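Shared between the two complexes below is chain A, which pairs with chain B and chain C, respectively.
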Partner chain A sequence: METLPIGKPIERIDARAKVTGRAEYGADIRLPGLLYCKGVYAAHPHAKLLKVYTEEAAKMSGVVCVVTGADIPGEKMFGELYVDQYALVCDKTRFYGDVIAVVAAETQEQADAAAELVHADYEELPILATPKMALESDIAINADYPDNICGNVHVRKGNAAAGLQEADVIVSGTYKTGFVEHAYIEPESVTVIPDRIRRELTVLGSAQAPYNLRLSVARTLNIPVAQVIVKPSVIGGSFGGKIESAESLAVRAGLIALKTGRPAQYTLTREESIRESYKRHPIDFDIQLGAKQDGTLVAMKVEAIGDAGAYINMSPPVMYKTATLGPGPYRIENVDYNATSVMTNNVHTGSMRGFGTPQAIFALENAMDELAAKLNLTPTELRRKNLLQNGDVSPCGHLLDFHEVSIRSVMEKAAQELGFDEKFAQYAQENKDGRRIRRGVGIAVSMRGASIGADGNGFDVARAFIEVLEDGSVNVDLGLTELGQGLRTCQSQMVAEGMGVSFERISFGNTDTSRAPATGACIASRSTLLGGGALKDASRKVHAIMARVLERKFNKPTDDIVFAEDRVRFADVDISFTEAAKICYALCETPIAVGTYVVPKLNWNEHEGFGEPFYTYTYSCHAAEVSVDLDTGSVDVIRMVGCHDMGRAINPVLVKGQIYGGLAMAQGMALTEDLGHNAKTSALKNLNFEDYLIPTVLDVPDENVPLLDEHPDPRSAFGGRSLGEPATEPGAGALICAINHALGHPGLIRELPADLDRVFAAVRAMEGGDA
Partner chain B sequence: MECREYSKPTTLQEAIDALKTAEDGVKLLAGGTDLLVNAREGHPYRELTIVDIYGLPELCRIEEMDGWIAIGAGVTHTQIEQSALIREKAGVLADACRTVGSPQIRNHSTIGGNIANASPAADSLAALSVLEAEVEVNRLGEVRRVPLGDIIEKPYRTTLSDRDLITRIFVKKADAGTQFHFYKLGRRKALAISRMTIATLLKRDGSGKVERFHMTMGATFPKPMLFEDVDNMLIGKRPTAKDIQAVADALSAKIPLIAGIRPSTAYKQPVCKKMVERILSELLGGQ
Partner chain C sequence: MKNMLLRFTLNGKPMEGTTQPNKRMLDVLRGDLSLTGTKEGCAVGECGACTVILNGEPVASCLVAAGQMQGAEVLTIEGMSETLIGSVLQDCFVEGDAVQCGFCTPGFIMTAYALLLKNPHPTREEIREAVAGNICRCTGYIPIVNAIEQAGIRILEE
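And now, the complex of A and B:
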């Protein structure tokens, strides 16, 4: 095992190209005859669109074409699960990020200038800028959802109401989170190239989900799916954000490419990207948690209302994760977790790293600290009493007897690294002396379902293509995209192990939907599990083909054939992998296969909200240490520790990279990131990184520590589960727990982000008026 | 960036000549870290002549002159931060310039631009105020020297005409033993627009009696201000905790008085009071 590529910190295959600037991102693409696009945004967030005036713009110098929704030849709407999003608005505007027209010109400057001349007649409708307004209004944003409710998942186990009655101690209250922007370094850029021979489009650029994208383009532009070829460029981060956002750009640019016969590039400015791309759901939680005097949890009842914004997007599956993973990694008999998404005229909300759970873990873990305080227990004591172990049943009813339920050791490792228990006692003591800069520690735990879960029962599939070439090199085509997380390197390591060859033989093709079979998207922490499964299957199939050929060639049985360490051994034959490959080609055989992996059907009772919501889980704990200045409300993160059991680290350096990044992302969500949403007009004020404050290198502590607690998962082909989302999941919760500990009041801060004003106001309230 | 005309003089005289001959509106371009950002919104400079003064040798010097330090308007924040002279004799300005933006911004942006842009949140302003800064302005060859407070009229508005070129900023050299303090409150540790800055200059004699004292806030008032009444509260005293408290009360009371009661007042006034107390206690040795 040790000599194999898995578990080795192999240098990522794109590292040098990226740091030297050789890598080509979407907006770097230049082609002969390239047109540049510029969108015109809705002037009102909710209005009937009566008429769009494009004539003046069309006459401007350099302008080649102006399109509106009326020009879309196929279906007007797109979407993966719910087809309700307009790349170009037709009937009415639903939020400030809707686009009413697109101008294409010879230069970006010409397109920008002409776009200013497009205007429209509107008939304004009332703006529903909060879920509350939308629930109370009789105006429907989407006529198919007359009450504006577009998703609901209700998890039930036992009897929460009765459980709360039995509890000795109950905490109840509300927690609230805001819109969060993905803040990828690279704003979206898509280039669409029309074929010169037939009605076919090639799409390049920042596409996280190329197979979804080709369906959306095919549907709206009336082209067979096979004639939409998507080849994502090097992508500068995505975090779930470049799915529907890239699709609407591809539809608009594709329309222009078809109309003009010329390649068209559509690149968003940062302000445009923040304006039109979907966000993390703001969720309001109303939470009740009950325990026995000894700390045993008995019941949890949560009402969660998420703001879906103007389009349904991924809201229902996001609510699925909120409700199924929001109850945390605890042993608890009675659970009632009801998560509902409500459409509004706000920016739409969709996939973002964590997908509805960082919010829920923030709410739950702070409520846990409130409970601990009431029970006179420390945060770790309360959690130790209730964390799941092997053979326990999860809060949703999943019997966990198929892998190591490691959340206890994961938490202990994180707590120990931070010195949690000692610091918890020490700071509580020293903070009593009247000091104005106080320290605090917080800890938060989570379990993350790998992949889509029962919400996608039956369609959670991955496919991979492996081809052995005559020199013994191995070509892999896999539709899961490299987003910066190092996927191509990790998947190559898995192929090398699966094929029994050295890493250097693997050539991992750039994703190309015309070469790699449809595989679902690189989302939902699914790529290691699903990609691994498909690659293993493909490896097995290629091995079988090669074995058959070798049996014929050597006329010896190959029942005991082993492919390992670049050798092929069977009977008394021991040849190099290269020789085996040569033999295949010499005998005109085809060592090529497509592997398939489908997540087994899960026993989930959707109606009763009970059963097996996911196939397997990653266990996580983040611990945080902060200092809080009571006189200004400013919070300084001293150190964070992230410990995760992702099964097996395929590439430990990349895993640690994910954890460092996840901690930083959690810090932004917890402390500073605020889009400046206006609860009357629905407008977002903070549209660039001057105003939307992500943490800088000076804000994120150099002392942050990633820890691994590996227990290879028998349910995964190579033992690994994904870590993309878990890496950020509990972080915001841990940080707010730490702030509340510093302030000496668990549950004091109940709303994100805990920025200067909010922390200061909480301190004033605590200290009683004139601080 | 769109503009009507662009010129890049190589000497101060050429720049003045360019200002003389330019028709209609003129805009000076220094490091461009404000100007080029503004240019992204609308077309503010489409009808203007841009005169690029970045790097003019006459504007890039830091010199000692009698009781003053003369800082060229084209000196960058990094150069100020690293100047031994400024660190020693006007350290509060070095500390203030160190908090501007990020290394990339500081390496390129100038003190003259920071003043002329007249953002209330400009980080150099409170520090310049306590150093009793004066600004040297050249209008088509005619040179005048004006107190800093008279250059800035209100947020984003100066009293300068478009032919006025700031050539130097004079700050008073502080005597040996002067204590400086600069505090910036931002929402994060770099690339943060100040919510408030507090600049302090304090000189005590051998017996601990205050000889010179200035303390003021930035990102708080419409223009840079010093308050004689507040500063006088410590002069001639060996300040006690009570005196510190009185200064904190008086200084923070200026916020509603001058800026009016705004949504931010509920935050800024108490924060100002607490921080003034903390800073003075620290400077005066744990009062």
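And now, the complex of A and C:
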């Protein structure tokens, strides 16, 4: 008997094209008559834009057109949840990544040269380069948000103030994180092709969220949504980053395509990509954590201020995840977690793998280690006392009685693999002998809500199209995008199981908004749960159509019909799936269906900040071992272990790939990645990989280990939950816990990244400045 | 600048064409020749996505001028399937899940090709040193090192 396709390490369906160079990414597109675009950036991060001078540029050789915000025919602004973003500046500049004009020319070189001739008159406004400045200023970056606050989520359970008074031991202090760049290796590239007959645009390129993109293009360029067709190319990494960042390029290139009647390609250089794309939110945490003498957590109070930058993007939902998932996977009666996003003239911030939680977990887990030290407990001892288990109520008030709450076994597996408990004791002891290179271990845990959660209560939906063809092959059109995570392969495995056919029958169409029904985007660790649900529903509907046809054909009841292993069986009939498909077409029936899955309504009280914030959760633990050179401040990561319960691993090899990558990304955030933000001018200094240091193969330990702790989730159609974000979520926290352990002072390093300078300064401070 | 007549060998076949001597090799490949398997990730030689083989050495083609291609032997990802080392590397990258988004993949395969050409059975440390100039944001590198190590073993067997 053939085994089911789920759980098998099926080869990634796009890998062969990627290793041969045949895979076509956005910037690889070549078309007759293609125009090349170049944007002109704002010279001031906050200024009224008085006049833009494009005449000189327009006269240059090869230039076909130059556009400004005035040329946008529809609404001037776009955005996902909040429509506040200018693809081309109209009224005033808000940050250094704003674009005031775009030049289109026959060659990229001609566009680049002409763009340098565009200039503008500005009336400068004060630059609000930190949330503190923005909160204190009477100048609003966006008039709709006069206090510059664009998002606030306040989780409350019990009484945190009273709880802290009852605590025997309290730790309190601040933790801070910085801007983090997605650093997908492919810079954004979008190509827009105008239709020759009607006002229709086809958009190709690096678009993570194609249905959102078509809304933005339709809105700004005055085209019916049906006449914006988005077909993402092979996407060279995204991590949440190619949503609004791709949309602004599509609006600009679309405008040029409409004006010229020619296809237009807009590819960012690395410097442009870092300059204009949104980042991970820097968040300042003011945290108070109280426990009883035996280590039982009693209260947590956190004030978190996130820097939203110049545009809102996903800031409010990011704050939702900071506030609802920031309290961690702990049993704790009294919680007050208040997360606020503040607009500034900094680079905007938005969706990035983890979405407000890697920062929060870094803060909480280091505070937990401070608490453990005060209680004379080890980090694992303190966590063992407080981790959630089956039937517990989450920090937000969610009764966890619907799946295996596995965080305890997840942590134990990770701790055991690293030898955490032994090493924690051993290094604490050996570090007392005065050595200058010290080792340390750290551990961090998290629970990740799947998908959007109650922040999108009632509209968290996915749709999928399944069509059985006359030869028994199965066509699938699903609008969730392949970003490199292996989605097409995993979703094909789920269709094969859902349809009861072999993997080889599944033909998974390239994402195309004109073929696949609108679906929520491939974001928020939602695609396995939501896509799986929609595919299961579509499978059921197709099966129902086929059953009806077969009942007619054979004149026998199909109540007991089973589709499995490429066979269709009912009554005494046992035919191949291919035969069943042929019968459908012979009788002029249509075995086609659109499946829909909506996350059930969650019992969440938005005003009280209490209830069920998510439908289900993934449990994670990262453990890290480091060595720290006290004389230089340099940190070597010796080993990281990532253990995750993602329900059922649809494809275990791809799951492990997510974990390997997530550990490395966490390492960059923890140790080296710094955009060089200037807190006076708001400018970013580190705009390319020579200064913005993501981990190389020599930085990432060859000994890193991914572990799975599978407990299929009854709330997921195929038992699986997504792992994209959990895979990186606790890593930075674990690394800083490890450094602080090596330094013998939990909570010593309190700000990310813990780069050479910061660790060296911390060591000097620790040693009384006489090092 | 005056155009020059450029003659070189590309993936084993003689090529000839006019180009500007100061044009980037990357643009000759991706632009003039439409060989888009070689990727541009940073344009400053830091990411390795544009790595090709020039006279047996891996180079960042964003930092090489077209003039330096004169008379040279050039290998790109498009020619890898035709070589033993390249095709084994491709198989091992696919089988070992060394590919996620794939944008860095051609560069890694070219660097690995140059390594295996000189050192058919490298240690993991030698592999890591060889690919230190190629960055990847998806895989955490271990599957890539595994794939190159596996390719070395398989080539010795063949």
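Here is the rule we go by: the second predicted complex is superposed on the first by the 769 of 771 C-alpha atoms of A that agree within 3 Å, B and C clash if a C-alpha of one lies under 4 Å from a C-alpha of the other, contacts with A are read in each partner's own complex, and residues count from 1 in each chain.
What we mean here is this: contacts are C-beta pairs under 8 Å (C-beta built on N, C-alpha and C of every residue); 3 or more make two chains touch, one makes a residue touch a chain.
Since the model is a prediction, treat every value here as computed from it, not as a measurement.
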Contacts of A:L117 with chain B and chain C, given as first, second, both or neither: neither
Contacts of A:T672 with chain B and chain C, given as first, second, both or neither: first
Which superposed partner A:D631 touches (first chain B, second chain C, both, neither): first
Partner chain(s) touched by A:I506 [first = chain B, second = chain C, both, neither]: neither
Dominant contact partner of chain A by residue count, chain C or chain B: C
First, second, both or neither for A:V697, with chain B first and chain C second: both
First (chain B), second (chain C), both or neither touched by A:I739: neither
First, second, both or neither for A:I185, with chain B first and chain C second: second
Partner chain(s) touched by A:L483 [first = chain B, second = chain C, both, neither]: second
Touching both chain B and chain C, residues of chain A: 689-690, 696-698
Touch list for chain A against partner chain C, complex: 11-12, 14-25, 27-28, 30, 182-187, 234-239, 269-270, 483-486, 653-654, 656-657, 659-665, 688-690, 694, 696-698, 700, 702, 704
Contacting residues of chain A [partner chain B, same complex]: 436, 631-634, 672, 689-690, 693, 695-699, 755-757, 760-761, 764, 770-771
Complex contact set, residues of chain C against chain A: 30, 34-44, 46-47, 49, 76-78, 80-81, 89-90, 93-95, 97, 99-106, 109, 124, 128-129, 131-145
Contact footprint of chain A on chain B as seen in their complex: 102, 185, 187-193, 195, 267, 270-271, 274-275, 278
